[in-house]
Amino acid sequence: MQLILRGISHRYGGTNVLEDISFAVGDGEIVCIVGPSGCGKSTLLRIAGGLERPDAGEVLVAGTAPDGSLNPLTYIFQDFALLPWRTVAGNVSLVLEDHGIEAKKRRAIIDDVLSRTNLSDFSHALPRQLSGGMKQRVAIARALAVKPAIMLMDEPLSALDSQTRELLMDDLVALWQRERFSACYVTHNLAEAVRLGRRIVVLSRRPGRIREVVEIDMPLTERPGRLVELEKLQRRVWEIMREEAREADREISDVT
Amino acid sequence: MQLILRGISHRYGGTNVLEDISFAVGDGEIVCIVGPSGCGKSTLLRIAGGLERPDAGEVLVAGTAPDGSLNPLTYIFQDFALLPWRTVAGNVSLVLEDHGIEAKKRRAIIDDVLSRTNLSDFSHALPRQLSGGMKQRVAIARALAVKPAIMLMDEPLSALDSQTRELLMDDLVALWQRERFSACYVTHNLAEAVRLGRRIVVLSRRPGRIREVVEIDMPLTERPGRLVELEKLQRRVWEIMREEAREADREISDVT
Amino acid sequence: ADKINVGIIPSLTSHSPSIIAEAKGYFADQDLEVEFVSFQSAQPMAVAIASGDVDFGMTAISGGLISLADKGVIKVIGGALQETPEIEGQKILVSKAAHDAGVTSPADLKGRSFGITTTGSSFHYMAHKIADGEGFARSEIHLRPLQKVPAVIAALKSGQIDAWSIVPNIAGSLTAGGDVVEIGKVSDYIDDYQVTTIFTSTANTQEKPDLVKRFLGGLSKGMDDYNAALVDKTMGEDETAEIVAAIHEYIYADQPLDKAAPRISTGAMRMSPNAALNLASVEDQLEWFKSEGLVPEGVSMEKLVDASFVETY
Amino acid sequence: MSHEAAAEGRERAEEDVAAREAARPVPFRGGGFTHRRLGPVAPIVFLAIIALWEVGSRTGAISPVALPAPSEALGALADLVATGMLWKHVGASLYRLSLGWALGSLLGISVGLMIGLFSLARAGLLPLVSALFPIPKIALLPLFIIWFGIGEGSKVATILFGTFFPTVIATYGGVDNVDRNLIRMGQSFGLSWLSIVRKIIIPGAMPAILSGFRISASIAIVLLVAAEMIGAETGIGAYILMAGALFALDQLIAGVALLSTLGLAIAWLIGRTERALLAWRA
Amino acid sequence: MSHEAAAEGRERAEEDVAAREAARPVPFRGGGFTHRRLGPVAPIVFLAIIALWEVGSRTGAISPVALPAPSEALGALADLVATGMLWKHVGASLYRLSLGWALGSLLGISVGLMIGLFSLARAGLLPLVSALFPIPKIALLPLFIIWFGIGEGSKVATILFGTFFPTVIATYGGVDNVDRNLIRMGQSFGLSWLSIVRKIIIPGAMPAILSGFRISASIAIVLLVAAEMIGAETGIGAYILMAGALFALDQLIAGVALLSTLGLAIAWLIGRTERALLAWRA
């Protein structure tokens, strides 16, 4: 499935948050979004997921979701959004219950995603008994459970140690290999961005505009072997962001 | 000020979370703690800060706090813990109000820490109007406001983009240069760990034990120029964690 | 002047005499300064007298009153409303539905429901007296405690209870509406019924007998005026209107005078002259309370009544 | 630069659409569960109900014994205004109400906070509250007279007792619901116990306390009638009792309408307070 | 390996201490603001109060007109048991209570949810609730008789009305306080509206609803007396009213004690429910 954003602009009260953002996520493409804190990445993702209405512009999907996809456009929230009164398994179960899946199959799905996120031991724990990283993994498990066609991920690995992050990223890549979902991946980790992204959309400081789009024409599977090339790309993205910051600084010193 | 942990063990209900952890944070030292998700890093930090009583062991401080330190042992929470009913400035003000600082001086402190965390424009915003990274910066600003002698930081930069993280890390280093506070820094970013840590305590998987302590005898100021050496150290820590994970995997496959 | 508090119930015209006495200066003549205190029912008034917040009150003899007298805190000192043959007394009423179903005389009340305010109220007493008089068991008249007079009226009007007995002015306005039919008189079953009495705290009777006497003196004059103006109608029209206006200061005060005046003046029952007390009737009532187990066995007339202030018969 | 990029992005988007099957907009899923302020719905509802009622009364569908027409009640109200008694009644009631409610709320919040904060208070006081709350004030009227006299004391006390208990329960329920993480944060910054209570627990419990105020204020108004049973000559409750005693339904309804209006006014005030104090919620 | 490391760490720690000035333990700051379950504090409190009261009555410090001794009330209670009337009274009251409370709560939760969920319901119904809640049920007794008769109907209706309004307010207050982020999450996963309400909003509002139950249950018990004012021969309320009319204070207190016990029992039940349903809170 494809996701197309056209001329998205948005403001909260007096502040312009997004300005004329247009890009598309092709079938089975992962597009990474990077940009300074507070530039509107989460807002953009919320708009893309139909959770917020943009002031201008439109979001479209094209293509059909693969069989068995329960929620084509699925979100992983930056603040996890776990129900505090449900156990880990219950939180995953929540998103399956509306689809008339028989209990046994549902349990199988839950067991599967929990073991993939290394949470099997904690399926009966409540959110308040989990560490930060474990909460994030529950959020990921929940998203995986509905077999999304397009994933909207808001810094899904930020609270994880490098070890676990590596593991889950491998898992994500493997999953992508199998299911070829499309994804919009917000991250502030440039290494992650070049590791996963078919394209990297670099946003400018608030108001968020598209500063540049970096294309990476390298199959995901080949990337672990071609780290040096990736490193160069990462540095390029880093340079763009740096430049942006410098420009912004200039602006500020102009004003003051 | 120094912080000394001696033989800390802790369990929640049936699960052993920490086992016999002992280390010390010397005067003006930054000790980084790394370890897999859920291994007990946050728990250890809560115990170190006197917020939780360990089942065994003790936490000691030695030395005197420098002048003007309002809260010698200060915490930056992984989940930010902002009061939703106070503005950004109000959240910072909260921790100053108990110390009988006159209003003008208080405002000056608030303005200072907010500008250092790039939040001046948002001093009147409520937490719900902030992005994830901005919330984290408020939590940092709040901690800076009390001029801590020992900082207990639980993944303080995890929700920030690399750009902002770099900036705040520089700020932290500069601050440390000036004030020489001691710190216990939990992170899952090994680059951060080798950049800031005088020592890196690597914890094992749950139950968290000290797996190894890596010493880095290099002044903080020199580190940006000696990236290659740091890279090597980082790889070493990475190897330790990998080995730990492999061992754990072996254990698991032994059991199943 | 001595300050005294007098309890009144602003929905009952039977409290008029003290108001008249105050308006006409009869209390002032006795060197009394009167303050009226309103109550919604007799029970709290009795309690307030027991607690010393109020000095004098008027009420039917109820279980609560006897119970307080048994505790030695209040005493009945005189009579007020008195049924007399020549003046219309309390009526026995039935709902239209019950009347249509054949309840046309008090004898038919057997097996019917009868509204009362509370257990041990005067309505309870009258119901049993009717049963006694008609010769059927007291338990064959089904009592329905409804707490308040308006609640009984509502239940009677809507046919949810069959029968009730009440003073003539209320009975008159009910039968006028057509929902309710009169089937008899209470005086046929109770001789010389002492409907209400005047009472005060035991402390007053013992420590300030003079004050009690002066109050009764003033009140008797008010009662005489009331009888003259509204019962015997021997008073001049102007003076009567004046008295009605004075009463209206406290009774039915929330209605305009032209609406309230007829309600005040019609169906007034006689006040016992000089507040004389019918001991026989009081004793009959006390015996009935005892026989129903509503008050302790040990209550005697001496505990209930202090007969030293007024004539008794 | 950024403009170029945007233009490029847009071109690609168009291409994509043209090349493949027709694109459809992402359905908006984020709606609902928030509150828009609608226009004058409430007045319309009230007017409609009153109009229906009037029509019912006029046509005889509603028997005058069951309920008088609103116009009659209005007449009684007009009488009240004309005789100038309205202000006397309302004034007397408002005085008792505000005093009783303020004292009851103050005490209730204090005790509620104690129950919410101290295990000992919870163990000792909560059962006491549960045991005393269900005691009907009307049943105790005779005792109230003896305890508090027949002056303003017993009236204020009745309202005080009525508002005290629900406030206690709402307050401690709110305290229990405050996020424990925020309290830990306060402790970690060495905030004094009092500061934590004042700046973290009370604001956190505020939604529940205000919700409790809505309940306790209504109960206070209900209890006006019970309070004014004893020795009251003025007051809306006394007026209603009087009307009830005379079965003057028009006055009864007029008095009840006054209480309703009072209730609406207080609810409006609490609503304003909520909007002011709870603006931090979404 | 890890053992060595630990040992090493400990050594260093000892060194540090030895080398510099004396170390002192970090003060524990995380205490308080949670609830320990204490022993039998409540029974002790109750017994102490009753003992004091008994002593006060015996010594004459408390006048028998103001309050009878607990032993007398106990005597009245014993009479009730002996005559077998206790179960008749309690049974009749419990029936009215459970029916009225269950219906009132059910309706109240439904309307409260509607007000919490729909802007239109909020605009239209909330003012209506604010206007009707403060109407005193006792004042309307005569009308209740005409509307609902003098049978069980009017009794159940009185309790129903009394519990309905506080439940509405507690429920919608709870709905307002549910974290909007969780609702957005539910929407993003395409949960049906009903699922969101059932699985996110109702559990989120549950603390407030249960707190409301504590209030509404107590109010229901209070209203027993008002309900049984109308033509009731059995029931705790009727018993209390009769005792009040006869100024039989021992019976009055015995009846009130029965209501208190009922209140305690219901509070205990709600406490259990809370512990079961709200175990997810810290």
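Lettered A, B, C, D and E in written order, each chain numbered from 1.
In this text, a contact is a pair of C-beta atoms (placed from the backbone, for glycine too) under 8 Å apart; a residue touches a chain by one contact, two chains touch by 3 or more.
What you are looking at is a predicted structure, and each value in this text was computed from that prediction instead of being measured.
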item: Contact-graph distance - origin chain D, target chain E; value: 1
item: Those chains which touch chain C and also touch chain A; value: D, E
item: Pair of chains joined by more contacts [C-beta pairs], C-E or B-D; value: C-E
item: Gap in Å, rounded to a whole number, between the CA centres of chain E and chain A; value: 45
item: Cα-centroid distance, chain C relative to chain D, in whole angstrom; value: 42
item: Chain E: positions in contact with at least two other chains; value: 29-30, 65, 141-143, 146, 184, 187-188, 190, 241, 244, 247, 281-282
item: In chain C, residues with contacts to at least two other chains; value: 43, 47, 50-51, 148, 150, 153-154, 157-158
item: Residues of chain B engaged with two or more neighbouring chains; value: 46, 49-51, 73, 79
item: Chain pairs that touch, as defined at the top of this document; value: A-B, A-D, A-E, B-D, B-E, C-D, C-E, D-E
item: Footprint of chain C on chain E - complex, ascending; value: 64-65, 141-143, 145-146, 149-150, 229-233, 238, 241-242, 244-248
item: Residues of chain E touching chain D in the complex; value: 29-30, 32-38, 41-42, 45-46, 63, 65-67, 117, 119-120, 122-128, 130-143, 146-147, 165-166, 169-170, 173-174, 176-177, 180, 183-184, 187-188, 190, 193, 196, 201, 207-208, 210-212, 214-215, 217-219, 221-226, 237, 240-241, 244, 247, 249, 252, 255-256, 259-264, 266-268, 281-282
item: Touching residues on chain E, where the partner in the complex is chain B; value: 1-3, 5-6, 8-10, 12-13, 16-17, 20-30
item: In the complex, chain E residues that touch chain A; value: 181-182, 184-192, 195, 199-200, 203-204, 206, 278, 280-282
item: Parts of chain A lying in touch with chain D, wherever the complex brings them together; value: 2-7, 20-24, 26-27, 46, 48-53, 58-63, 73, 201, 204, 209-213
